[in-house]
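Right, I'll just put the structure down here and ask away after.
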Amino acid sequence: MKIRYFAWLRERTGTSEETIELPETVKTAGELISWLAARDEGYAFAFEQPETIRIAVNQEHVEEDHVLSGTEEVAFFPPMTGG
Amino acid sequence: MKIRYFAWLRERTGTSEETIELPETVKTAGELISWLAARDEGYAFAFEQPETIRIAVNQEHVEEDHVLSGTEEVAFFPPMTGG
Amino acid sequence: MSNSTTTEFTVRVQAEDFDVLAETEILTKGRKDVGAIVTFTGLCRDEGGTLEALELEHYPGMAEAQISKFAQQAVERWPLTGLTIIHRFGKIPPGDNIVLVIATSSHRRAAFEASDFLMDFLKTQAPFWKKEHLKETSEGTWVEAKAVDDADAARWRNSRH
Amino acid sequence: MSNSTTTEFTVRVQAEDFDVLAETEILTKGRKDVGAIVTFTGLCRDEGGTLEALELEHYPGMAEAQISKFAQQAVERWPLTGLTIIHRFGKIPPGDNIVLVIATSSHRRAAFEASDFLMDFLKTQAPFWKKEHLKETSEGTWVEAKAVDDADAARWRNSRH
């Protein structure tokens, strides 16, 4: 599964994109956040306020309870500030 | 007193502007409409629906009960369609 | 930058066409505090190919005064950095410009609302009258005022601003 | 002219600047059914002289898809004759363009509302993030999302349209 990080999530994780094997215990986007946050200090810092983080699956906005399938691209980013 | 007519009021009266001596009996803009409407057929046609006619005194919108003074410029016109 | 000085505005009533780009540049050139530019351009439509031209009559003097009155209200109501309003008169063929409003501001809502407000009042309160000259008939017809335009203008009376 | 065909729109996400006049002409050239053109241009402000540049990061692919989704909503909701949206990314100095929305229609309210709607959704729903680089400090700061922008976007959910 491809994971992408933008803005300060990219900076804090030190990663713009990576490919991971989804553990069997991780079913939803919210569970993926918890799993990533447990990886190391940078990830913990990036995800320290999960309620502020926006999630996109296959480039569509989803909520934390979105159930992930094995083939998806998941992206994490802060609230958007375009325009 | 200078009187100006615009759009179909100008066409119906056949007059774009004229100078009149205000009769003593005419105190308000509404009374001026009645007095003008009694002049001839063209004026009667122009003012046949006085409620649709807009009035400006010295280039400011006023209502029918506006009291005229001797030195004013009065204009009559249909609802505006600018923009 | 100060609230004590009111933003200046430009109002012109003219027969000639206007240049949207040139007018916009006057409001933005050399300044870097403008975050939003809203331009409204009103054009003459051909009404499905039936219209030969629109004839715009106006009340000289009062037209400029009324537009300036609403421009003044706009710069007092919204934090604009610039405002230009140009309204043409005379015979205008389909596809040609009739009216231009440019509002600039640091913030987008101010620029949107000010230009929207001004167009509503130009439609209903500025002394201009449109006569349609159709291709098929020799005599022109005066365009009637629309109730929807009055309703649009009334929106601004009870606004939170 | 027909309701059965939806108006096409143009969406571009690019590093290069855009030309408001050229983009406007594409929407109006050769047609005489356009009565109203609203253009919104968003520019980089210098924040009282403190800003060196804005850096705009975006999510390639999703940015175009999200903007197109809102453009599609706009052409279904309002009777537009044309719609163009361009959003830049990369490093943008004060005074430079960031975003452009042009909406054309036979009627002014449609053009105003569609462009206003699109800007509200670009602000809150399109995957772009702004980082401010100030003149005095070497490190940039991510711009925080504003509650007022969410409130602006929420206006369109309960609208009469």
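All chains are identified by letter, namely A, B, C and D, in their written order; residue positions are counted from 1 within each chain.
Just so we're on the same page, contacts are C-beta pairs under 8 Å (C-beta built on N, C-alpha and C of every residue); 3 or more make two chains touch, one makes a residue touch a chain.
As the structure is a prediction and not an experimental result, all values here were calculated from the model.
**Q** Following contacts chain by chain, what is the lowest number of steps it takes to reach subunit D starting at subunit B?
**A** Step count on the best path from subunit B to subunit D: 2.
**Q** Please strip out subunit C, keep the others put, and tell me the connected groups that result.
**A** So the groups, subunit C excluded, read A, D | B.
**Q** Roughly how many whole angstrom separate the Cα centroids of subunit B and subunit C?
**A** 27
**Q** Measuring centre to centre with CA averages, how many angstrom lie between subunit A and subunit B?
**A** 72
**Q** Taking each chain's centre as its mean C-alpha position, how far apart are subunit A and subunit C in Å?
**A** So the centre of subunit A lies 48 Å away from the centre of subunit C.
**Q** Could you tell me the distance, in whole angstrom, between the mean C-alpha positions of subunit C and subunit D?
**A** Roughly 22 Å separates the two chain centres.
**Q** Residues touching two or more other chains, restricted to subunit A: which are they?
**A** 83
**Q** Counting only residues that touch at least two other chains, what does the list for subunit D look like?
**A** In subunit D, 42, 108, 119 touch at least two other chains.
**Q** Contact residues on subunit D for subunit C in the complex?
**A** 1, 20-21, 24, 28, 31-46, 48-49, 94-95, 106, 108-109, 111-112, 115-116, 119, 152
**Q** What does subunit A use to touch subunit D in their complex?
**A** That would be residues 4, 6-8, 10, 56, 59, 61, 75, 77-83 of subunit A.
**Q** Please output the residues of subunit C touching subunit B within their complex, sorted ascending.
**A** Those in contact with subunit B are residues 42, 56-59, 61-63, 65-66, 87, 98-99, 119, 122-131, 142-145, 149.
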